[in-house]
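Letters are used for the chains, namely A, B, C, D, E and F, taken in the order the chains are written, and counting of residues starts over at 1 for each.
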Amino acid sequence: MKPVVVRNISRADGSVIEALGSYGVASVHEAQGRLGLMKTYMRPIWPGAVIAGSAVTVLAEPGDNWMLHVAIEQVKPGDIVVVGVTADNTDGMFGDLLATSLKARGGIGLVIDAGCRDVKDLKEMGFPVWSRAISAKGTVKATPGSVNIPVVCAGVNVNPGDVIVADDDGVVVVPRAQAAEVAVTAKARIANEAEKRRRLASGELGLDMYNMRDPLARAGLVYVDTLEDLDK
Amino acid sequence: MKPVVVRNISRADGSVIEALGSYGVASVHEAQGRLGLMKTYMRPIWPGAVIAGSAVTVLAEPGDNWMLHVAIEQVKPGDIVVVGVTADNTDGMFGDLLATSLKARGGIGLVIDAGCRDVKDLKEMGFPVWSRAISAKGTVKATPGSVNIPVVCAGVNVNPGDVIVADDDGVVVVPRAQAAEVAVTAKARIANEAEKRRRLASGELGLDMYNMRDPLARAGLVYVDTLEDLDK
Amino acid sequence: MKPVVVRNISRADGSVIEALGSYGVASVHEAQGRLGLMKTYMRPIWPGAVIAGSAVTVLAEPGDNWMLHVAIEQVKPGDIVVVGVTADNTDGMFGDLLATSLKARGGIGLVIDAGCRDVKDLKEMGFPVWSRAISAKGTVKATPGSVNIPVVCAGVNVNPGDVIVADDDGVVVVPRAQAAEVAVTAKARIANEAEKRRRLASGELGLDMYNMRDPLARAGLVYVDTLEDLDK
Amino acid sequence: MKPVVVRNISRADGSVIEALGSYGVASVHEAQGRLGLMKTYMRPIWPGAVIAGSAVTVLAEPGDNWMLHVAIEQVKPGDIVVVGVTADNTDGMFGDLLATSLKARGGIGLVIDAGCRDVKDLKEMGFPVWSRAISAKGTVKATPGSVNIPVVCAGVNVNPGDVIVADDDGVVVVPRAQAAEVAVTAKARIANEAEKRRRLASGELGLDMYNMRDPLARAGLVYVDTLEDLDK
Amino acid sequence: MKPVVVRNISRADGSVIEALGSYGVASVHEAQGRLGLMKTYMRPIWPGAVIAGSAVTVLAEPGDNWMLHVAIEQVKPGDIVVVGVTADNTDGMFGDLLATSLKARGGIGLVIDAGCRDVKDLKEMGFPVWSRAISAKGTVKATPGSVNIPVVCAGVNVNPGDVIVADDDGVVVVPRAQAAEVAVTAKARIANEAEKRRRLASGELGLDMYNMRDPLARAGLVYVDTLEDLDK
Amino acid sequence: MKPVVVRNISRADGSVIEALGSYGVASVHEAQGRLGLMKTYMRPIWPGAVIAGSAVTVLAEPGDNWMLHVAIEQVKPGDIVVVGVTADNTDGMFGDLLATSLKARGGIGLVIDAGCRDVKDLKEMGFPVWSRAISAKGTVKATPGSVNIPVVCAGVNVNPGDVIVADDDGVVVVPRAQAAEVAVTAKARIANEAEKRRRLASGELGLDMYNMRDPLARAGLVYVDTLEDLDK
């Protein structure tokens, strides 16, 4: 495929994005049927940030950050840049200069299946990044890639305009067309959990609250006083 | 083996457990002859916690957290739940709801050879977890496992009632029958280190304090002014 | 080769070392042509430290910290001890006692291609370490190695007296003979970046600031409104 | 998304598939602009096999091989089953019984981002598999997934009907719509290489054949007799 | 614990061991409830060997093969030596001299959670080894460990006298007391598979043979002609 | 450092190189004091080859194989090209065309701390390669590196002209100046092993042949009949 930049992408509704961000990665991941979670090697470069936004996608060559400059022009306020690469790589493709530029255009974060550098500066800027590595390794600008095409990032297919939610638990991708429905499901799930949390905090057991005792017995679970009793 | 829950386990003496916790992982590991240390991939999900307690063990299928609910009923105040799985896995088998339940029953921490989620909530609760991964990946409740049987967790055999000590250096397991003796050895070791620390801080060399110069010379170590002198 | 300690090593000029430390790992790495960066598995055991100093090198057997005691005698104020091992290893070869001793002799940090322990103590002491692992695993004192010979640490060749710069981005090695020149280049680079940062912060695009549009077009990059337009 | 099986998929032309197989993974990968290569952890369970076919895709839960039975019904002669999973996993989801069934329906191979077992039997059957691991770990049939939807396998997006080429170098995916064009490009590339191979075998240097000397000099490469000459 | 060699261990019945070997790793693993499988990093150093025997266990320090000499004296014809180490290590603790000695005493194979060397010689001798790495790295004889105590090898607890089965799929451990029962279960499983294999080879689908269609429908699986039909 | 090609390098004596090759990696590694072994991830792309030759070194950028063409011009018959890269990388930097060229100039093998492709062709050519990965990923020719400067390859420092020995056990580097001495030591070691092998094959124990019983007892090893006897 020839290198291409797609200028017009559709985004999910702002209120839906905001809602998904407030539910967090684990709840959103559950609400869409346990799909869309990036691999666990994607970690925040500093802890505590929670963001949600629309994906501006980048397909880059490993060790080549040319397309990040290209992508920033396509960013609208509230967007998150998501970078996939064509082979495993940990080079530091993003640092404080690119973050300054991305932030100036309204970008709120970066998700990159490669390395990130200038960690201390990014933390001081409050600019959140999820990456597979931290590396000062510099990069070249030799081969063009593409912007706003479907990419694979950390094991998940990301389409431009999909909703990205990222926090200390990792990164989850919600297909744009399903974002509203997932938000509804996640909201119900969160509401439901508050009551469960109250009951568990009072000492009620999950075994009882979820009626697990019968299914466990049917699945063959037995209780004994000591391990020696098992063979009796 | 059929799935089983063992209700009665023996625990080490409370004062021994408390003492072991105060010595920390490195000292306890040394005191028992450099045994019992879990693999280094086991890391705290937030830094700074130090805990010691009796192991309530769980053998679970990867990606299936059914037995965690079962285990919580067997927990007594001060216990630590230790989870081994039957194949390598990083799914998020433990989160804030289970932590709420475990804490309500007196559990003081979790050690899991798999993933953990809701990291931010767990940190805010002050509930410490040592895990091989952080992952929002949801789990099923399909196959029963066992509680309070011997399990392997992160490369170490753990019997129910063994003493677990965990801090920023990792996790060490002390067999229950040896806990008192290890505590005595560790205490002596700690006392001995205070004097060493004072001497080293004053600038005395380990080479002299430990009388290493002669053994090193006998082992063939030579001193030269420059590398070129070596071939003379 | 027989085990040897080289007593006399040359060091770079103190003002050069200080300057390199002020520029940070990423800038220094760039300034010397993207060379000398240690592998990304080398991470600080606590965040935020930035150090620069002359390397006192150690070649040790895996799981054997005897030579660390030997090395400390060769340390001068401002030095950094750099430890390579002869096979991959994560054992905790360095802890609070050795740190106390190293600090007392003026050492300002440790870079070790193996494990480190007593993380909490080291953090409280403010003593920075970059290591490939955190591990409480104890070590032996059985086989001598060497001090102040060329070693490989985390994929980079380090000669005694080379300048080490380490921060949250990792560790970079500057050959002693090139340190002054690299410092000049890095300084110019830093100065140049301040102006770029200002322009990018104001919303100017890297595409324009770096005149990338023509080269990208020549490399075949095309812009379309939608992906479907590409096949027209 | 709810679990779904898509019955009708489009496949590339048989002669195109056959041609792509004859060119091999490396040439096909180059011919489509160095895209579509699966991660290097995907290895053949026995060496020497070369296959090309249309992808029947499967999205499965880790450790759950229920959907493989479902997928086999959708296979047409010459197809290759490609399995992605929703979280990293190495369990043995495929063995000799499933291979017998898949082969009986005309399937010619399997590409799975998880584990495979019965390696000796599969080798004796001559049934090729590319997997991320070999593992005897058994699996459950608890959660449905999907068949013939877009999946991510080993870092590459695979759509049903895409052409898969696999050999000892790995696995490459060719989007169905581009298969014919890629085949033409690859054929030209192969033809071009034969002449190059002849010239290189005769001792001609790539430096001369590709006219690299001038570009290298312009990029700053210098020749010296000894390393010491560099500083003169 | 002090270093110890236990001289008397119980072994399973020879005919049971032989039977388990004939069923292979995958079937034995299934027959004991999917337990006892070593981690997938344990690979044969040459393909094709299948062995079954009683475990003589060794707990060794990483990089120290002293105890292998000690263990060989305890080996009886048909035994397999199983080596666990106290920290992750890949050094070459076993080579052709030790293999010559072990073979002379009747040992039939080695399973080691560390490295192995002299691979070509071992292959020519026909002596099978399963290891986590191949490494020529030499080892010391500095610290005693133990023989015939419970050890953890590649994530599985192994007691002396347990039955080890190893083939191209990996290594499985059968507790001695359960070996006879597991052999009976595995035999039935194998018999059952022959008929299944015949039916699948004839083109019958697993979907029908295992009556999966109804459970799948109940679990929510739907069939559509094209993906677009899903949203109708 | 600027990119440079050093034309004149010194090589070890041909008879020394031949001798080292005949002893194999493990013996040579031992003979030079257990130094110089590359990391265990370096594996032959096909089994059975044994080579020894002089290193022509290459420092390349990851994913950029320009310097391999440059290096081939510097190769003399019997040389082995050794490639280090400036950051971790697995791209396929070497394939059948480069092998044809290298072979035509007398090169006998390649050792590369990156990926290799065209595995089947290379095997058919009988051209041996040791690499960290097999990957069809194509590379660019964008940035010059250097030839015949000191490089780090797989954790070992390699100087141009050093002797490389590679076989199924891995790759070992012998500094040129020490090659003759190491060959003498290795020869003696090999001779010594033949007698040991004969005695071990006859059933004599290493415990007796090496007089280990007393040192083991002094180190605290005890023998008991059963584990229960230990506590008596």
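We adopt the following convention: a residue touches a chain if its C-beta (ideal position, glycine included) is under 8 Å from a C-beta of that chain, and two chains touch if they have at least 3 such contacts.
The structure presented is a predicted model; accordingly, all values stated were derived computationally and were not measured.
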item: For subunit B and subunit E, chains touching each; value: C, D
item: Matching chain pair for A-C (criterion: over half of the contact pairs shared, by residue number), options E-F, C-E or B-E; value: E-F
item: Centroid spacing, where centroids are CA-atom means, of subunit D and subunit F in whole angstrom; value: 30
item: Per-residue multi-chain contacts in subunit C, two or more chains; value: 2, 34, 37, 40, 61, 86-88, 90, 135, 137, 143
item: Pairs of chains in contact (touch as defined earlier), listed by label; value: A-B, A-C, A-D, A-F, B-C, B-D, B-E, C-E, C-F, D-E, D-F, E-F
item: Interfacial residue positions of subunit E with respect to subunit B in the complex; value: 1-2, 32-35, 37, 39-40, 61, 86-88, 150, 152, 155-157, 178
item: Subunit A residues within the subunit F interface of the complex; value: 61-63, 86-91, 135, 137, 140, 142-143
item: Complex contacts: residues of subunit E adjacent to subunit D; value: 24-26, 29-30, 34, 37, 40, 43, 48, 50, 167-170, 172, 193, 196-197, 200-207, 210, 212, 216, 219-227, 230
item: Subunit E to subunit F touching residues, read off their complex; value: 2-8, 66, 69-70, 72-73, 90, 92, 95-98, 100-101, 103-105, 115, 117-120, 133-138, 141, 143-144, 148-149
